[in-house]
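I have a structure here, written as structure tokens, and I will follow up with some questions on it.
Read from first to last, the chains carry the letters A, B, C and D; within each, the first residue is number 1.
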Amino acid sequence: MKAPQILNDLLARVTEVGESLMTRAKARPVSLTNRCEDLLTGAGEATGLALASEILERYQRLDRDEKHAFFVDLHARFGVDFALLAASIDAWQSAPDDTTARDLHFACEPRSQELIRRLNRVPGGTAALVAMRADLLRSLRDEPVLKQLDRDFHHLFSSWFNRGFLELRAIDWSTPAAILEKIIAYEAVHQINGWDDLRRRVAARDRRLYAFFHPALTNEPLIFVEVALARDIPDAIGPVLAEGRDEMDPRDATTAVFYSISNCQPGLRGVSFGNFLIKQVVEELRRQFENLDTFVTLSPVPGLRRWARAQCSVEESALTEAQQAAVALLDPVDGSIEGAAMADAVEKLPGIAARYLVEAHGSQGGAADPVARFHLGNGARLERINPGADHSARGLETAWGVMVNYLYHLADIEKNHEAYATLGEIKHSPSVRHLLRAR
Amino acid sequence: MKAPQILNDLLARVTEVGESLMTRAKARPVSLTNRCEDLLTGAGEATGLALASEILERYQRLDRDEKHAFFVDLHARFGVDFALLAASIDAWQSAPDDTTARDLHFACEPRSQELIRRLNRVPGGTAALVAMRADLLRSLRDEPVLKQLDRDFHHLFSSWFNRGFLELRAIDWSTPAAILEKIIAYEAVHQINGWDDLRRRVAARDRRLYAFFHPALTNEPLIFVEVALARDIPDAIGPVLAEGRDEMDPRDATTAVFYSISNCQPGLRGVSFGNFLIKQVVEELRRQFENLDTFVTLSPVPGLRRWARAQCSVEESALTEAQQAAVALLDPVDGSIEGAAMADAVEKLPGIAARYLVEAHGSQGGAADPVARFHLGNGARLERINPGADHSARGLETAWGVMVNYLYHLADIEKNHEAYATLGEIKHSPSVRHLLRAR
Amino acid sequence: MKAPQILNDLLARVTEVGESLMTRAKARPVSLTNRCEDLLTGAGEATGLALASEILERYQRLDRDEKHAFFVDLHARFGVDFALLAASIDAWQSAPDDTTARDLHFACEPRSQELIRRLNRVPGGTAALVAMRADLLRSLRDEPVLKQLDRDFHHLFSSWFNRGFLELRAIDWSTPAAILEKIIAYEAVHQINGWDDLRRRVAARDRRLYAFFHPALTNEPLIFVEVALARDIPDAIGPVLAEGRDEMDPRDATTAVFYSISNCQPGLRGVSFGNFLIKQVVEELRRQFENLDTFVTLSPVPGLRRWARAQCSVEESALTEAQQAAVALLDPVDGSIEGAAMADAVEKLPGIAARYLVEAHGSQGGAADPVARFHLGNGARLERINPGADHSARGLETAWGVMVNYLYHLADIEKNHEAYATLGEIKHSPSVRHLLRAR
Amino acid sequence: MKAPQILNDLLARVTEVGESLMTRAKARPVSLTNRCEDLLTGAGEATGLALASEILERYQRLDRDEKHAFFVDLHARFGVDFALLAASIDAWQSAPDDTTARDLHFACEPRSQELIRRLNRVPGGTAALVAMRADLLRSLRDEPVLKQLDRDFHHLFSSWFNRGFLELRAIDWSTPAAILEKIIAYEAVHQINGWDDLRRRVAARDRRLYAFFHPALTNEPLIFVEVALARDIPDAIGPVLAEGRDEMDPRDATTAVFYSISNCQPGLRGVSFGNFLIKQVVEELRRQFENLDTFVTLSPVPGLRRWARAQCSVEESALTEAQQAAVALLDPVDGSIEGAAMADAVEKLPGIAARYLVEAHGSQGGAADPVARFHLGNGARLERINPGADHSARGLETAWGVMVNYLYHLADIEKNHEAYATLGEIKHSPSVRHLLRAR
């Protein structure tokens, strides 16, 4: 019996793909891991600098599939030395003490760690490795086993990007354009629309922008926060960013508003700086402006709409029927929540958001909302819920325009953090409490 | 029967000392490790920065004994988590794969590593930790178990002081005095006698001084090398350092002489930079001066005399009888190897040194002499042996004034390194070979 | 007899204007010159710094008319001391020697010079004075006597902005935005259309931009030149500025093209830097790129059309009849010189331009065209005439799109300069000579 | 009759010297002024930079006599253009107005001014010209006519070193050694004995050193002042400079003591910065330390002894007989004013000094003492007279160890300055007044 043509075609295609993969696997990636092996064993060169450069350069020329194959190969060949591990376990088991335990730790270090350290030695090595990890994070979506390899990157980056090695810099109009254009590119919350918009955010006398830098990543901000100096806690983002708004004398400001925080390096995902950044900026601002006494964010609530919709179809909804009706009305976001018909529904948003932020929990405990998790974990409290605060497409799409303020009250930060970290308690202001009670 | 008074006194003293130790143990050090525990568990504070600062400040005020007690306590309390380790071993043994192996590695990381990383977060943290390790290295002489704790420092410092994070700087007369005075203090080979001597070494147009710095250690050189630009390979240190010598136009130089390499930070012992430093300086000099074609050291032979003396009392001596006789004559170094009686003995020194440098082996393989090990390991070859090259007290004391040149011939460096690293082969010039043959 | 109403109205208006002038004259400006008098006599203050600051600040708040009145007053009150001058002339005439001559010079220094020097003492003083002179230059158009006052500014600025005090800086993408935005604003020849266009001119690897700065004018370029590195002498500006053009490796470039030179400070008019700038940039580029052997401009011919038109209506025209016919055809510039009908006329443009550039003379000798005067005076020669080189509105409007190249041939610069400066000889290439001959 | 041999020899020698002078005069100096003529007329070169460099380099190689000849030649050839001057006088006399007066001023500018401006254009030109003027100042002692040439230097330097172009820098231990060694060399009041002494003056936390710099003189301080932060007004220099003294927390200081002011550049004599320096340092210190309320000097009285001796032999002595007797006793300074015999005489020194400082007048009015003239002219008042304050050889030699404090009381500075400048009034404290009364 003859197989149908389609099966033959399929077979041919599979063969073709397989051969292509083989070719690639034999070609550059494999030889590249061979070079990595050379680098690790120190064969052929005293310092390995030329070899490390060669590997990083060849890596950069790989296409996406080749990089994927390289990671797979790397993971397979540069893991833990099993023989050494077994021997160390024997040693520990026959004499279980601190020394054999530590020996065991060092004995089972994945070989990829030392490889990464050696690749880092050359000029530009750190930047190349951060970029490599960004590739790896993409790659591991399809190949979860690569998460193991990523642990090495994450472990080393956490050590190398230790807070003690970071430098806080004020970004302003005297900053080189090469850095400023990265600020434009990296702003992830409220897009910066070109150089004029940037100028309003960094050169106005009542605006500040601070970033962390690492000495080995020249001109590359790691994370930055944008600050508005103001007289009150703002209830909408529009006036903060408005072209042509009145500037104020920063010495008169009482309130510093963190209205945008952006991580810049996908390759540093999971290495957290934000907490340190906010606290150092608070210190820096207090040193400069003695009238400042309120430190507050103006933050999005990215998970609100998705959660509220889900609450309309579960059995034991966290929302009242009236709230559910409002959600149903608001749901088909068409770019506007204006109009008489909506007014009533919009009025219910603060109550809905309060419920989401204070009572909904994430899969690993803590608040359900990622932004809430960040600020609450830093010791801030949920201060105020502002409907109609963000008219951008994304703001409407994710939270019907709701934004919230988290308050960093210095005297309470540690207490709040402690209560949140150990008891999962979510601190909130009386006004939020009031919203919750109004069931 | 009554014990003699002296025993009573002794008993009293012992009790007193014991109580004093107890007091101390209870007092600051213990509470300090308690604070370390707080830092590690994150109790009480969101970022731990204040706590880390407190610990480092309190540590600095401890006296030597208290520091020792602190280290002992730290080692006892911040080792590997045995329960976690045991569970991880179980997991690995029931499913021995890459994932369980890596889990095991991270599970048995000594807790002191994370503690050190957290202490590093504060401004000045890195410097404080480098100083702390210098204390620890002193402490572990009496308490070898602390070597285990030191492995964590060494491991982290090796990672943090990765070549990729170091910065090469030329030190010259435009360098801040705060750094220059450290160069004076840290020079370990040929002492710098005040600012005028320093000026001759950094500001003369045919002299250079290069150092590695780390961004977190402001104004603190890690290692530096002093270079003389010359027309020939020098055979004595005196003329290199002489006051009032004629300077030459550096563009006419053909030879760069590395006449002194000093490590500056006792707390970074075992974290090696020298290899990288020399190679980067070679590159830097070649870029600046196109006539340079010879890169060579003028180095001490610190182990010569001790080895030669030992060879006079072993059964199968590496030295000929004539050589042994010369050693016997030279042995009582009294500050001078001059004089007619000595002349003959001195003439035998090159042959003796050749034997020592090429044929004697260290306990862990490789050359016996530590300076030889360093340069040969870098891929240099032993080029020439110079008797009467160093009239300083130490030069006479350790090597009867003998110094040697190691040649960094760029085309051969990798080959030499390879031969030395894998086969233990010690490359040497024809002139040294000639000395060896002349048995 | 009654005067007609119109005369009455006129009288009223004159009175009104007069009073207004009186009021102003009495009000701030006069009191400001009184303060200047205090500053000059040193009354009331040891250093005069506070007083100088006060004067400059009050000046900045004046409106245009008040500034004008201030200048008039200043000129009237801070001129030469006539009594002193007369006495010094007497002294000179009774003993005409070097000493009395020099005494005379210092005695008749206008008092405004010392006033300007004292105003310069305060931080920001130089910038304020440069701005003041820009106002003065506007003012003197209506009040030619102020040219006398301007001589003092010009004299002092020429001394203060001496070449020896200027600093050449490469402007690139690492330059602070505060400076870059000034480059955008000051470009006077080929407008920079925003930051992307700027980036193409300063950050492309085959483009350079150099500027002169003065230490007392922070962040303020005085003059800058834009350079394209290329393989050939360009014959049109379009491809030089094109978005998306191919960049070349600058090390392969043989030709440096100065395609735009802009003076930035109206207040420094007549203080010439361009000559020094071009020559220093040539040196700088030669140091960096050894393959460069041709230094050439791509320059506008701003006076071409006006001159050519004038030549159509004079008796003894410098143009042939055919050329005049072409001019007549081309004259009504409507944004385009394309089209079959035009082709013939356009072909005649090089010959017309050659005649203008080489044979037409300015009112004070030298070439008639101001750009030609600048480059010929620097020692360049007229190299090539490019029709259809500039399609911008201004290029068509002033020169029917013609641009020219001036060649800076290093070996000939001095000779060319000399011939031009002393004999008025305009050096030009054989190809230009050919155009001239083709009458 | 034959002349004695010695006369012949003398004649020969004179001839020889004469010829040598002629040779020199014809050779370099003359040709150098010829080159200056070229530079001024612009002959032969577009920018004159190469020519200016050549002249400055050739000048530096001249010996002292040749330089002298060069100045004489320069003065003779680059004075005022008499013909032009005469014509301008005619023009002025036929129409004596502002325009002809100003024309006259510019017409009779000595040609040497423009020459100096052109020499300044090259890199290093300013430094070379400052050095040239130092030579000129030496030269004019023997050739007073050169004072005329010096007026040009002084005039231009006063303009170029305008306060607005100077930069105040704090000199501390982070300052490059190249600058610090100049501070050591230039200290003119209380010699700095090497680097350790310097370190005590710039790196101690209660000491400061500030200097003025000019952008064109890299690494060259123009003038500097040394400051001690203290709790009281000091009455002797010894404790201020003492090795091993206790440092204080500068935030506790109430008093800033200016204990040494040194001009660094002989070539800038007569261009005064000291006044500006002190006032800017006062501002700077007040910004840093809020507890500072007293600004005072500790100053020498260089003219005291000479004046007091003179008062012993004039008819109408300013001193009482008892004072004269004390002077007679003290006069033969032998390095010590100790001893019982002296005690009484020393007690009279404050009264004598008070008389000198308050009542003696200089040849051009003002205080007789040069240091007093400087501080009183700045608006300080004479605060206290301290006998036994300076045990250095010079202190004893010039003032029997007396030092004084001048007080800069901010609220009174202008008033004091005014009173001194216009009325010659010398402000002094009640304690000084008391000394004066005690006749």
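Criterion: a contact is a pair of C-beta atoms (placed from the backbone, for glycine too) under 8 Å apart; a residue touches a chain by one contact, two chains touch by 3 or more.
Keep in mind that this is a model prediction, so the values were computed, not measured.
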Review point. Where the centres are mean C-alpha positions, what is the separation of chain B from chain C, in Å?
Key: 63
Study note, to complete from the structure: Distance between the CA centroids of chain B and chain D (whole Å) is 52
Exercise for review: Would you pick out the residues of chain A that each touch at least 2 other chains?
Suggested key: none
Exercise for review: Select the category (line, ring, star, complete, other) that matches the graph of chains linked by touching.
Suggested key: ring
Check your understanding: What are all the chain pairs that meet the touch criterion?
Key -> A-B, A-C, B-D, C-D
Review point. Any idea which chain D residues touch chain C in the complex?
Key: 42-47, 49, 75, 79-80, 82, 85, 89, 92-93, 96, 98-99, 101-102, 104-106, 108-110, 117, 120-123, 125-126, 145, 148, 151, 155-156, 158-160, 162-165, 167, 215-216, 275-276, 279, 377-379, 413-414, 417-418, 421
Revision key, fill the gap. Per the touch rule above, chain C residues touching chain A in the complex are 173-178, 180, 194-195, 199, 203, 219
